[in-house]
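Here is the structure we will look at.
Chain IDs A, B, C and D follow the sequence of writing; residue 1 opens each chain.
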Amino acid sequence: MRINSFSFRVRYAETDQMGVVHHASYVPYLEMGRIEWLREVGVSYREMEENGIILPVISLQINYKKSALYDDLLTVQTSLKKIPLVKIEFDYKIFNQNKELLAEANTVLAFMDQKNNKPMKCPDYILEKLNP
Amino acid sequence: MRINSFSFRVRYAETDQMGVVHHASYVPYLEMGRIEWLREVGVSYREMEENGIILPVISLQINYKKSALYDDLLTVQTSLKKIPLVKIEFDYKIFNQNKELLAEANTVLAFMDQKNNKPMKCPDYILEKLNP
Amino acid sequence: MRINSFSFRVRYAETDQMGVVHHASYVPYLEMGRIEWLREVGVSYREMEENGIILPVISLQINYKKSALYDDLLTVQTSLKKIPLVKIEFDYKIFNQNKELLAEANTVLAFMDQKNNKPMKCPDYILEKLNP
Amino acid sequence: MRINSFSFRVRYAETDQMGVVHHASYVPYLEMGRIEWLREVGVSYREMEENGIILPVISLQINYKKSALYDDLLTVQTSLKKIPLVKIEFDYKIFNQNKELLAEANTVLAFMDQKNNKPMKCPDYILEKLNP
């Protein structure tokens, strides 16, 4: 399965008084990772939502191994765990500019029809992009 | 004009590596202050939105005087600046548990009709609650 | 093991454009839960840090079951999983005002000596408070 | 005075249930703007802090003109207002990918000596970079 690498700088607001990035700040990092993974295979999450499909997170797991610091240039490596059915699962690794592994994570999201708030299968146009 | 006082504890996630509350964290504090001011006069912002009226912020000003610290018990004092027409303006003071003034702030919000995204006048049912 | 219940209102800033609380917002909720759990047994995390002991999160797991909404009055129920050695592990349940279970979570934190950034055992004064 | 332009994408976590970027999310955008302004003239804020000089915000003003949306590619244009003495003042404009002006802002920050927590003058090595 392909891996998307997305890099960005740590913001000052993301640190806490321990002098490192607060553990909650990693959650939006993962979100950016999977959005960019989707973009790279040709899927715009923004358009998916405009078409009435939302992807709420149903589980989140993060293992923190080493602290990220202010102004670090981080990279999220995102990979799809398996072909999605009604759920889509991603694995993540976060590295700093010295290629040190800072965190490993996993999220599971559910395809939902926003109109009736019911689960649905992964749309065919996405499956086709995953199996070219 | 009446003043609402709302107290809450600083969260660890709201600090930064200077060892104090990050300046962006004050913005949700003000938001809580005006929501509680409205609740005290009998207006639920949640219900206002459910009825199609939204209140986006159009200007924000904060003067920071003294740092807030992790676990401080802060109080936001919120007051209405004047009777609202198409805009509603609030003044705020934020104090810590030692009654030290930490920040003064002002926000202006606009009444908007969510259906057509157009400005509108302050609804009568709110004006009545402000002038009992 | 005793359970601490801590209640607070959802802030507007914690919602996202799905119209529910963003999944990252739960992470500070858990942090408040464990801080209040510690406070209830007589341990101030603020004082612990002032004495050079920090508690970084080393793993985080959240299962999201039902959405939290703006202005909901949430309750975090926090419990200690087992007597801490070099790590301390908490379980959490988050409920809304209708006693609906919104999320279950678990975090593991490590006792660290801030001076040398080395792991350490749970201080005796905390263990004594856990085994009265 | 030179202008730094810094571009980045809106994160999903930065939106709120109005379907736009929450007004508090702009505050870290300004912070990124001034950090990049400083970097461009050759000043690393990270190194400045490592050398014991901090720059707390003492006032913040934002005028919101048009909403930013999820996945928008925003640009912060940051400019120095005047040669800094004990304070440093920046002006900002935030644009979306269609070059629409979304917000104008101003911040004043104070040079502080972290050791004694006292105000200080802008260090000479910074002044030299501003007046080449």
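Keep this in mind: contacts are C-beta pairs under 8 Å (C-beta built on N, C-alpha and C of every residue); 3 or more make two chains touch, one makes a residue touch a chain.
Source: prediction; values computed, not measured.
Centroid distances from chain D, each centroid being the mean of CA atoms, peak for C. Where chain B touches chain D, the two copies mostly use the same residue numbers: shared numbers make up over half of all numbers in play. Of the two chain pairs examined here, A-C and A-D, the one linked by more C-beta pairs in contact is A-C.
Note on chain placement: the centre of chain A and the centre of chain B lie 33 Å apart, centres being C-alpha means.
For the pair chain A and chain C, the distance between C-alpha centroids works out to 23 Å.
For this pair, chain A with chain D, the centres built from the Cα atoms lie 27 Å apart.
Residue positions of chain D with contacts to 2 or more other chains are 12-13, 17-18, 20, 24, 27-28, 31, 49, 70. Listing the residues of chain C that touch chain D in their complex gives 12-13, 15-20, 22, 24, 70.
On the chain C side of its complex with chain A, the touching residues are 17-18, 20, 23-24, 27-28, 31, 49, 54, 56-65, 67.
Per the touch definition, chain C reaches chain B in the complex via residues 8-9, 11-14, 27-28, 31-32, 35, 44-46, 49, 70-71.
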